[in-house]
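The structure appears right after this line, and notes come after that.
Naming follows writing order (A, B, C, D and E), and every chain is counted from residue 1.
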């Protein structure tokens, strides 16, 4: 059912290899949920590098798609070189141009991109050197740079996030995403193609809003999936079928990742809402308020889930204590039954020489000696068990925990 | 006694099926307190939908009730189609019209509602796509949209919440609630019908205040019930009659739900109080201050209950540790009594050949050999038990925990 | 010694029943520290009642006392009917009139009170429907309503709180307290009677300050008593003489109650200090700053005690773990001594037929067989105990915890 | 080495009794670290006392020292009566007069002090009725009252704090300290005597700064000592040589005391820095910024130490769990070795009559019966131990924890 | 791989002794991760010293390096005496002079430095008396003093921090670092030498930015290394190969150190960004915004790591509980198998005299007596084990934890 968290495009995709490899790669890691180290180190330049240093090691060219539209016409095209978008930007039609760069590779492509769109070196650095913390930065009255983070979860509940940089200009939007194989924006493209809603009548700021809204809303299915996962864990913790502390720890780690993604996005939407900015119209701000609501709602969910997962750990520890009590009770009862019997039997197994003294174990000659010993043994066991029952240790429904 | 948490209407109701089914449904879930999954997923449109997308799958028409009143006259009516409320809105009497829509179904009804009241698409979306986080939004100088959340608890202490959207205009109030079978507003209707208090002399903003106040005050019986539940749990934890960690975990979950409902409602009342707004008169703000007090008091109660329920978990864990100590003490004492006896008896049960050597177990021939061994066994047991008593392990009232 | 927390009046009282019954009532509850349920439910009107609804079920008339004073003259009187205070309010002397209503009963008395003093319905509701959260509300330039909470603790450390409403006007102060049998204001009455300090020279705002200061200072003996209680618990936890987790839980509950009482009182004093208000003179504000200091100091104490009581629970759990370790060590040592002996003795208690084979237990015929077995048994026990001593399990002062 | 925390004066002191008695007194309490109750109750007047009530029970006169200085001349003198300082205040030289009152006793001395310096009754109350929360209060344009708290720790790491009230006027500073036997200001006196630094050239505000700075800096050696104590505890927790939970609890209590002392002092320095005040020159504020830095740094240390001490408790609990695991492993291994041996030996110690049936224990007649049983016993023990080794319970370095 | 955290200079260094000794010194401490005490005590002057007191005990001269540059020319030189930098400051070329003092020794050098650069005594004190809390202070319109803290971690994950003071003037930057053997600024020197980036075209404020940025970015490799360390610990905790609580405690201590270093640096960058300051140009502030982002991102990482390390401790405790449960289960099963066997065998090892009574152990004469007892023993063991299997204690994958 969580396949709906994948954008339509990737479902339609005729190239299943990248996604399959992702699932594969993650599965290997399932035991510890660790991300591959190379991945985690990010694209940070070495300390004390000059500002604007781009860190791109991959030599594969990113895919670049252009959508150019106004109320009447839409044209959509994959371009081979970054210069292919210049005609769309410089034509005399007041259309909105959305250039979507998928993948981070081929350094000179990004340097050329910076030249074409006059991107500030610090802005370009943030678009390329992932991961950045989500934020919105204004560069003069010309550009707004929004750094967002998209999230996705697969049916095994493995979380994956990706940076999306949105550079908003007067009549264009430039997006740069980390990986070419998935994003959450396909439905926005579809709205542009079909003209559903008012997106075709509005400006570049509305397109940026629509993309940001898609990113934020994309967290809902992720959190729904995690919510189901928490419910599954709850049932499992109570049934205690397997080692639970590692899955709970992994869940907490994922919730930390989500909090780090959502919290600053709430702040950036709020900043766009509050600060006066010539590039974001008053009308679009009304829509951003809706996105803000959603971001706040997501934070609520994350915080609630965090508290629930803490509670899960308590539940788990309490369950282990409880099982320990049960085990110890059984051990005590077993000992209670057999230790007195062994002791009494041991006494009458002694070899005192009967003939040396009348005091030496006369019981062995009693007519009812053996039945008497059986009674003694039964009495001691029954007596102790009755005492335990009075203490409340032995009950129908295994009480006391 | 908590039946008083149900509004009068539902008590009078001749159709007990819905409520019965709710209780029934919940009872099935009692083991894990999980909400049915369908319920939890909400009515969120898929990510990247155009703003204003309504998510209504149900095809049943909602029930619509109209109350139109001024200081002199009240008329109350259930209308079959949403167009039935147009005459009340467009008549030339300066009366207040309250249109109450119960249930979320039949998409075109809500679309028509949006047209009749000129509701902003984003506002309509929030009214319909439940759950939304409680909040108050101003749409120009025309409408204020208040999203509130009503809570109810049944006698088994199962919690249930429902969204109530209140759209306030110049001379009307439009309310949309999730389910038709219960709400907390019946007493307000009764005040309008009977003219108790000043509600009939005042405007639409006062009606909105009265509804919001009813929603907030409706949490008091819920929290009282939970407070009693906590006291019951406290007694049970101390008596340790059954597994307690799951009920405590469920309680925490409910308190999280209540916090998520009450906290933003406090904020929204505060926002209405502070922000200047042509639709909310200065006089009504004095009354909202009272509602604000109540919301703060509720938050205090929730936070207190959360701390108490954390304390309950500690109490429970400490009780389990304590019982473990008791069990181990008994095991140790049992072992202490019977192990030495068994060992000593074992020694004199050995079969060394007395005739092969004078050193081979001469005790077996002693005149007082057997009584001597009994004394030895008694002495070792009494010695150890005396040692334990000195350590303070054996006491009248089972101390040390 | 905590009897000093009771105001002189109640000590002098010739009617010891009420207090005795309080102590009595509380003692019954001592096992669980639960307040009687009736008490806890408060006097909240049902949800959706019109604002200003008074909830008074008791039919007993409250006691009403009037003190009227200026720099020269003081007159003090108990009046039977609320109308008895009208002459003091309407006389032409510029005296200050303090009307003190003790007890909440007889609805029409409070309705008449509202008429005589022109109290706003919402203000009257807050004075009567206890408990309210402490706060200060301004009603126009006419009245300031202060809701405060008085606390008292008896020698068994049972906590009891009561609401005090202080309505301040130009030349009068109206106080309403929940119960007639105790308050913290007797010393203020004494200051008025004897003219100690400057209270007789000053206005109604100074009287209100003096009452509020008495309320806040009244928490000091309560917290001192709790501080002593914490120290007693600390010693008991270390000595581990009885089950400690319940008393610690009760202590935490009391500290929560105190926090809920003191925190908003700090805020209300601060609000009176900061906000410009024609009824509170600049001079009186200097005195309120002193009250503010005390409220902050009380909050400090409560927070410190809360942390100490959390630490107590840790100490208690650690103590239980420690005792468990000790018990297990003893069990292990007992087992270590007797299990090898039993096993060795068991071997030489076997009945292999010596005559069937020279390999069948030739030890039984050895000349030093029996002494050899004793040595064997001693060696195994001493060997194991030496190993434990090396591990550090057996020490003089029971170390390792 | 911590003897440096004692001011030079007390080191030089020829009257070692007071200090010795302090150490002595504390040593008695070392078992529970409780302060003597009398001490803790403070000098708070009973609730509802008139403002300005001084609580002084001691009848011993405080010691009073005067230092009067300008850039050229310093005179220093102990005066017997408080009136002895009048000449210094009223002379026509523009010198700074520092009156230092050591000890709180002899009520009329303090009343006279209030008259001579025109101290506001609320200010005098705060100087005398210790402990007050640290703060800075302005009384008109005339006086600033600073309540500070000095701390000291002895070589046994027992903490001791004392109030210092600093009243700053135009040309004088009046200090009142709780006890005569120690303070942190001796080095400031020395700077005045020798003229080191610029103190002799500056005003009363700079002297107040210097005193406050000495108080704040006096916490550094205290925290260094506690830091060493934490390191000692860390090593001890790991070595587990004695009961550790009580010392850790005491440490937390001391850190709470220090936080309560330092936090408000940071706030008071900040208030003096920010608020415009004719008595504190702009130049002196630059110096106060340095004191503020130190106060912030101290808070950092306290918070870090608090987190470390929480970690210590975790470490301690984990260590106890670990030792429990070790004990249980040994018990299990002991049982594993001897229980099977005992059971097998028991079987062949049965007395079935061989002559009644060929099935009755024919093993007892086997030629290799006895060696066979030895092998059986060895096999069962070795088998079980091998299983444990595979599980990883038996390892060189006692792993698994 | 972490050797990249060492600046190029120290890698190139022909004097490996200092670094080696550091590693050495740390290795000795590895068992407890305590810093050498001498180190921790800092260079704080004794309490109540006059402001501006420098605490320098070392008599070795610091190394001093000067780099003087403008867009065209760079000259770089080590000077022997501090006066050697005067020519660079007083020449008539508008070049930027960076004086880098490495090491804190030789008091008169620093006093002379204060004279040459007209440093305020309080500023000089903060530069020399390490450690100070990171901060930015403005001294008139002349100087900005930035106190920063550099961090480094070696391949054994031992953390080391060092203070860097940056004094910014109109045309110079003076830096003072604690130790001569490492810093994070070599890459900045390289940028100046080679003219990479725009640093040579810009002023002293940009150089200060570049240094601060290098300091902040220098934390990334440190946190990456700690992140790897956390992942290693996670795997180790799950495998439970050694005592884990001490390493986790050490990790928490390091994260506290890093938080204390990074948090105030975030604040100081923010202060430089927000406050208007003639020495920091508007252009440089754009760059500082980037540094601010990085500082925020670092704080995010530290907080995430802190939560992960708390989770690690839970995981560890839960693992220990789990192992305890396993051990107890094995002990119970062992006891279950052998105790009944021993008891039954004991019974038939009793010596009742068969000839004294027909009731005395007739079983011993039964034809199938011995096989019957074997069956009895097997039945009791199998019965109990079946019961355990039903309880779910015995499972393939060691469930229940």
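The definition used in the following text is that contacts are C-beta pairs under 8 Å (C-beta built on N, C-alpha and C of every residue); 3 or more make two chains touch, one makes a residue touch a chain.
In UniProt terms the chains read A, B, C, D, E = Magnesium transport protein CorA.
As the structure is a computational prediction, the values presented were derived from the model and not from experiment.
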item: Copy pair chain B, chain C: interface residue numbering same or different (half cut); value: different
item: Superposing rotation of chain A relative to chain D, computed on C-alpha atoms, to nearest 5°; value: 145
item: Centroid distance [mean C-alpha coordinates] between chain E and chain D, Å; value: 26
item: Intercentroid distance (Cα basis), chain E paired with chain C, Å; value: 43
item: Chain C residues counted as touching two or more neighbouring chains; value: 317, 321, 324, 328, 331, 335, 339, 342, 346, 349-351, 361
item: Chain A residues touching chain E - in the complex, by the definition given at the top; value: 32, 34, 37, 40-41, 44-52, 122, 125-126, 132-133, 135, 137, 240-246, 249, 252-253, 256, 260, 313, 316-317, 320-321, 323-324, 326-328, 330-331, 334-335, 338-339, 341-342, 345-346, 348-351, 354, 361, 363-371, 373
item: Contact set on chain B toward chain C in their complex; value: 4, 184-188, 191, 196-199, 210, 213-214, 217-218, 220-221, 224, 227-228, 231, 234-235, 238, 286-287, 289-290, 293, 296-297, 300, 304, 307-308, 311-312, 314-315, 317-319, 321-322, 324-325, 328-329, 331-332, 335-336, 339-340, 342-343, 346-347, 349-353, 356-357, 359-361, 384, 388, 391-393, 397, 399-401
